[in-house]
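In what follows, a structure is listed as structure tokens, so that the remarks can point back to it.
For clarity, chains are labelled A, B, C and D in written order, and residue numbers in each chain start from 1.
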Amino acid sequence: MEKIKITIDNTEVEVSKGATIYHAAKQIGIDIPVLCYLNLEHLNIENRPGGCRICVVEVEGRRNLAPSCSTECTPGMVVHTHNLRVMNARKTVLELILSDHPKECLVCSSSGQCDLQKLSQMMGIREIHAVENAEMSTYRKDFSPALRRDMDKCIMCRRCETICNDVQTVGALSAVNRGFMSVVAPAFEQDLVDSPCTFCGQCVAVCPTGALTPFDDTAKVIRALSDPSKTVIVQTAPAVRAALGEEFGLEPGTLVTGKMVAALRSLGFDKVFDTDFAADLTIMEEGTELLDRIGRYLNGEKDVKLPILTSCCPAWVNFFEEYYPDMLDIPSTARSPQQMFGAIAKNYYADLLKVKREDLVVVSVMPCLAKKYECQREEFSTNGNRDVDFSISTRELASLIKSCNINFDSLTEEEFDQPLGESTGAAVIFGATGGVIEAAVRTAYELFTGKKLEKIDFKELRGLDGIRMATVDFNGTPIHIGIAHQLGNARKLLDGIRSGMYNFHAIEIMACPGGCIGGAGQPLHHGHSDIIKARFDAIYREDSQKKIRKSHENPFIIKLYEEFLGHPLSEKSHHLLHTHYFDKHKK
Amino acid sequence: MAQFKMHLLVCGGTGCRASQSEIIVENLKSEIKNLGLENDAQVVITGCFGFCEKGPIVKIVPDNTFYTQVKPEDCAEIVREHILKGRKVKRLLYEDPETQKHIEDSKHMNFYQKQIRIALRNCGFIDPENIDEYIARDGYAALGNIITGMSPQEAIDIMKKSGLRGRGGGGFPTGIKWEIASKSKADQKYVVCNADEGDPGAFMDRSILEGDPHSVIEAMAICGYCIGATKGIVYIRAEYPLAIKRLKIAARQSRAYGLLGQDILGSGFSFDIELRYGAGAFVCGEETALIKSMEGLRGEPTVKPPFPAEKGYLGKPTNVNNVETFANVPAIFLKGADWFSSIGTAKSKGTKVFALAGKINNVGLIEVPMGITLREVIFEIGGGIKDGKKFKAVQTGGPSGGCLTEKHLDTPIDFDNLIAAGSMMGSGGMIVMDEDDCMVSVAKFYLEFTVEESCGKCAPCRIGNKRLHEILEKICSGKGVEADIDYLKNLSRVIKDTALCGLGQTSPNPVLSTIEHFHDEYLAHVKERICPAGSCKALKLYTILPDKCTGCTACVRACPVDAITGEKRQAHVIDVNKCIRCGACYEKCKFTAIHVQ
Amino acid sequence: MSALILQDCHKKTIEEICIYYKNDPGDLIKILHKAQTAFGYLPESVQREIAFHLKISVAKVYGVVTFYSFFTMTPKGKHPISVCMGTACYVRGAEKVLDELKDQLRIKVGGVTENGKFSLDCLRCVGACGLAPVLLIGEKVYGRVEASQIKGILDSYQD
Amino acid sequence: MNKIKSLDDLRKMKQNLEHEMNIREKSNEPESLVQIRVAMATCGIASGARTVMNTLVEKIEKDKIPAVVTQGGCMGYCYAEPTIEVKVPGKDPVVFGNVDSQRAIDILVKYVVNGELLEGIIPTNYQTINEKK
């Protein structure tokens, strides 16, 4: 790579050709502030519209200031990142942005998380020069089951637009209008529920302000907890334990399973269970379904639909219901772990406790916003009573813990309750891309071949590449597996299948970058994709430390089948653990 | 074939068509037929003559008779008197506003005397819908010479030598632009003609396309040969239906002659053009925004570099020039780079087309050599200020430009001098203002335009211009304070320094230049609460002239805020502090005793 | 925003326009121009249909429609009135003409009179600066318009 | 329309077409051309001015004489109609009376092209038609 030398703030720095001033500065420890710029290096996601103009610097010999995020270094360039001209420009531009931004930071749900707030603090903004009663651009607010849009707070960084279109290829959002009234919105500025939005929430995950925030049911959870007539149980998704600690200042990648359980118990949940239990259950059902289809396929049955697609991710389910209505028969019919847990809790566990379904409140803690929507789907309710009553996010759990005066750091680690708290390493890795299919392979291999698996780690299925393909040897039968995370990659894979370019037996798809660990309910990464990498490693660390690492060996799962379900794909299973899909256009 | 002795050239530009020039053509033709003069006189519909103030224009050659404001009912007289009997119809001749003399020969009109027409060489001269007339004037000869006898680099060298700079506003040397695009390697390249003229008050590109579409097509083909492109795209405003029509006709004719298409003139070079329509977004005049728009997207500019010459339309190297720039190209190759560079100033060669408008006698389109002074343009060609008022300022460069004043009248006009004076060439709009124009309001007017046309992508332009406008509004409504002027200045400078594209980077120019040249006027607004030009409604000062007031009390009853007091049959007084400047008293007073300042 | 429910013939028109441009999203703006010529405006249903044929998101189509001032989502009046607000017209009193029109028609810029007879818009320079201020009603150009003439001009549109 | 196949074809085509534009081209720079003005008032036309004009135009076109023919009103020499005024660049204008087709050609060939003096010049006080009231 060709190298060039430039001078930044009187320091010479050597950079690769093509590097931007922003990156060159970073190399020598100068952090130029940015607002619209977003670079998730590990995931190949970049948003660089050059629109906010906060990152401007002075380049000697240039007429105007240069946006450092998108100006390439040229040999001999002399850059000043903080002289009077630059500081004045940055401050003035920031004031302009603030002059069109509601000043309700104290009560904003992004308070403390907001990049704009942090920036104005950093820049020492103490007043906003503008005409009295300066006009603000205002828009209709939009509440959906998973997220809310308050676009008065939009600063047109376009991150959400880039994510929704270029990364996720969902196309729910676009910049609309022009000039002062321009904003990112669904078509006709209608509500998100009327758009193709999948509620993946990745727009929320990258929003630098409080314009896009999760729909928050924490208040209802608190009410349920304080209602003596209710038994409130909680399930926590695998990805939550790998990220929750970040909200309490712990290093990314710190596993806080035991502290999390302790905190939940101290919040007053009657039972603290694990979604991982349901994940093991999912593998039993989905794995069996996979083997059934492969078996029939190998027997030469013509109408067998392959590949089988995983169906744990509700945003992904929404995506194929919207865009692949012709392929609704290929995903696994197995419900997601969250919903399996809900169904078992309300139909099995409630009976064990001898409480009425209506008096058992099931709360889920999820890394995900789409789960908030999923638990509201009609098919997951019985007589208007949901299997999962409320879904709150990792971030919301953190603030609930904080607001209840619980000192997370000093908690003693505790264990999950039983029977719905036992889980295997296979369930843990559901939290990362490739994990579900690896878990399925671990079980399917043994069931298919009747042999014990020698090597439990399927490293060929792991990684953060957007699309991965691998072939697993099932004792002489090659099983072709495809993996994609982020919906744009899913689309590529699906289009390839539709056109006959790919031949897979099984495909795992997760809507969020890195899988659930990068979900929109997780602590915000603020553009640092290495955080996602750290969570990814933590998940596999937890797996390797587990005593049992294959779902079909989970003793409580075995017991559940013996006592209640019978066997995988039994009639009861079908009724409680499987679902069907809808063509969104026919709604 | 009949040998016509006279040609009646009738302007078929948008302006004259709006005043029934099509009917005029019909009437002239039928009267010629009536009198059996079909073999003597030919009626030709041409492009714009530029003298839009007095349209519709009928020009008769070879005697250069210039009839102005011709009405359909005048046609019979023109034919009977002039064509048949050789007597000019005096009352329709152009009358010099100074001498009040009718001028028989357009060569003697001040309007035309100082003009040199290169880009407009065929406008008002040929029938734009007839390719033969273009060919008769050496049309496509430049293209033919180049593609059969020159290497692309040789042609580029001529362009560079000519010193032609982009006429769209920036003034980037055209030859260098072509050279960069020619050196970019790609399987496909594009030549784009920017005809998305959007400056309010500038209409030269439209006039060229309406009056001489072939010159643009020829130049695009030349450019295509030079940079190695076989495809050309004209991005044109949808609001220009006539220009679109003429361009389409021209392209069709060129194709029929094989001057567009495969293997042009047996040279092996192929080139064709297509049209794309703008849809009402000023920012699409900026080349990166234009490219986005051509791709069917929102016309939002992108950060440069990469420049379109490296990565443009569909990611391919793209050369974008505007209409006027292209219109110069064939002439340069026909007459030589030396000829072209002999016209103009040291760094600005050739001519520039300006659209003269505002409070000036001769509104119209003119083409003058670079280096001409504003005084010559406004007072000689433009015929001075309307209604004998006093010249105050001239705005050049549209919303991106600034105001020039009395002290700039003798500055030679070229790219660099205008920038040094705080304005810019822009696309060539020139709006003349007189003593009745309030410069704060003028700045406000332009900001209103920018606010409406800002694409909204970058914060300084989206919000900053809005705030500038709000402050100007505040000053015009009499609520401004002195600190506002300082804030205007700082905000303007920051917007210039930080905005993403040319639109934002130049949008504060009207504010900065009016503050610089008319600081007193701003001060009068904020300190004395007076609008010296008397144009800001909220700053009008109403007083009662005691000697005229009869004390009838009509005004007292009209005043909605009881600001007028006085005894019956005694002179009344207006309390300035109470007065809301509604003007009700002024309307009611029968004795013109209310004085407005 | 008025809801136009597409009939089969409407759908066919849109399909033909899209096919003419090979369903190429790069020609979206041309397609929108043609559709607006065909329908007079671009209601939601038309935009949805176009998005469907071009296989792009409706949000993108809407984003483009709302970016360009030439495109409109409201039907125009029978006699669309446009006031030129170019600089030349502005300094020669276009604002007064516009105010008078607003008063007479009792609508704002961008509005349509209740009876659907007139709609009022501004545009930027028709290039008839010699005739400033200029007013267009339909295709007809009125030059050197004064506020006092407005009533007479409007009255001449009887139907 | 036939395709133009080469640069030569284009040049030939230009030559064939340019005469149609001559009148306009000439009007562009009248000062450098010989200006011939034919008096075309009623008296002139009655005496055959139109024929004279046609002859002039055709001859100029045929021989590519750098001259332009325009019409004028009555010059006041009704006794000598048809009359034409000829102004050679750099010289004072001269008026010829009683011009017929043959004389018109003579004037063109002898006076305009060869600069010979001809008979039949009407003495004037060197007023051009323009200045006449």
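Note that in this section contacts are C-beta pairs under 8 Å (C-beta built on N, C-alpha and C of every residue); 3 or more make two chains touch, one makes a residue touch a chain.
Model, not experiment: these values are computed from the prediction.
Across the interfaces B-D and A-C, which one involves more C-beta pairs in contact?
B-D
Looking at CA centres, what chain is most distant from subunit D?
Most distant chain from subunit D: A.
For subunit A versus subunit D, what separation do you get between their C-alpha means, in angstrom?
Result: the chain centres lie 89 Å from each other.
How many angstrom lie between the centres of subunit C and subunit D, each centre taken as the mean Cα position?
Each chain reduced to its C-alpha mean, subunit C and subunit D end up 54 Å apart.
Rounded to a whole Å, what is the gap between the Cα centroids of subunit B and subunit D?
39
When the centre of a chain is set as the mean of its C-alpha atoms, what distance in Å lies between subunit A and subunit C?
Distance between chain centres: 44 Å.
Find every residue in subunit B that makes contact with two or more other chains and list them.
281, 298, 455
Among the residues of subunit A, which ones contact at least 2 other chains?
175, 177-178
What are the residue numbers in subunit D that touch two or more other chains?
Nothing qualifies.
Can you name every chain pair that touches?
A-B, A-C, B-C, B-D
Name, in rising order, each residue of subunit B that touches subunit D in their complex.
1, 3-7, 9, 61-64, 82-88, 104-105, 107, 125-126, 132-133, 135-141, 144-145, 148, 253, 256-259, 265-266
Hey, which residues of subunit A end up touching subunit C in the complex?
Touch list, subunit A to subunit C: 165, 170-178, 185-188, 195-196.
Help me check something: in the complex, which residues belonging to subunit C touch subunit B?
24-30, 32-33, 63-64, 67-71, 85-88, 90-92, 123-132, 134, 141, 143
Over in the complex, which subunit D residues touch subunit B? Could you list them?
The touching residues are 1-7, 9-11, 13-14, 17-18, 20-21, 23-28, 30, 38-42, 44-45, 53-54, 57-58, 61, 68-73, 130.
Provide the residue numbers of subunit B that touch subunit C in the complex, in ascending order.
These residues of subunit B touch subunit C: 13-15, 18-19, 51-55, 198-203, 206-207, 238-240, 276-282, 293-299, 314, 355, 357-359, 363-364, 395, 398, 429, 431, 433, 437, 445, 449, 455.
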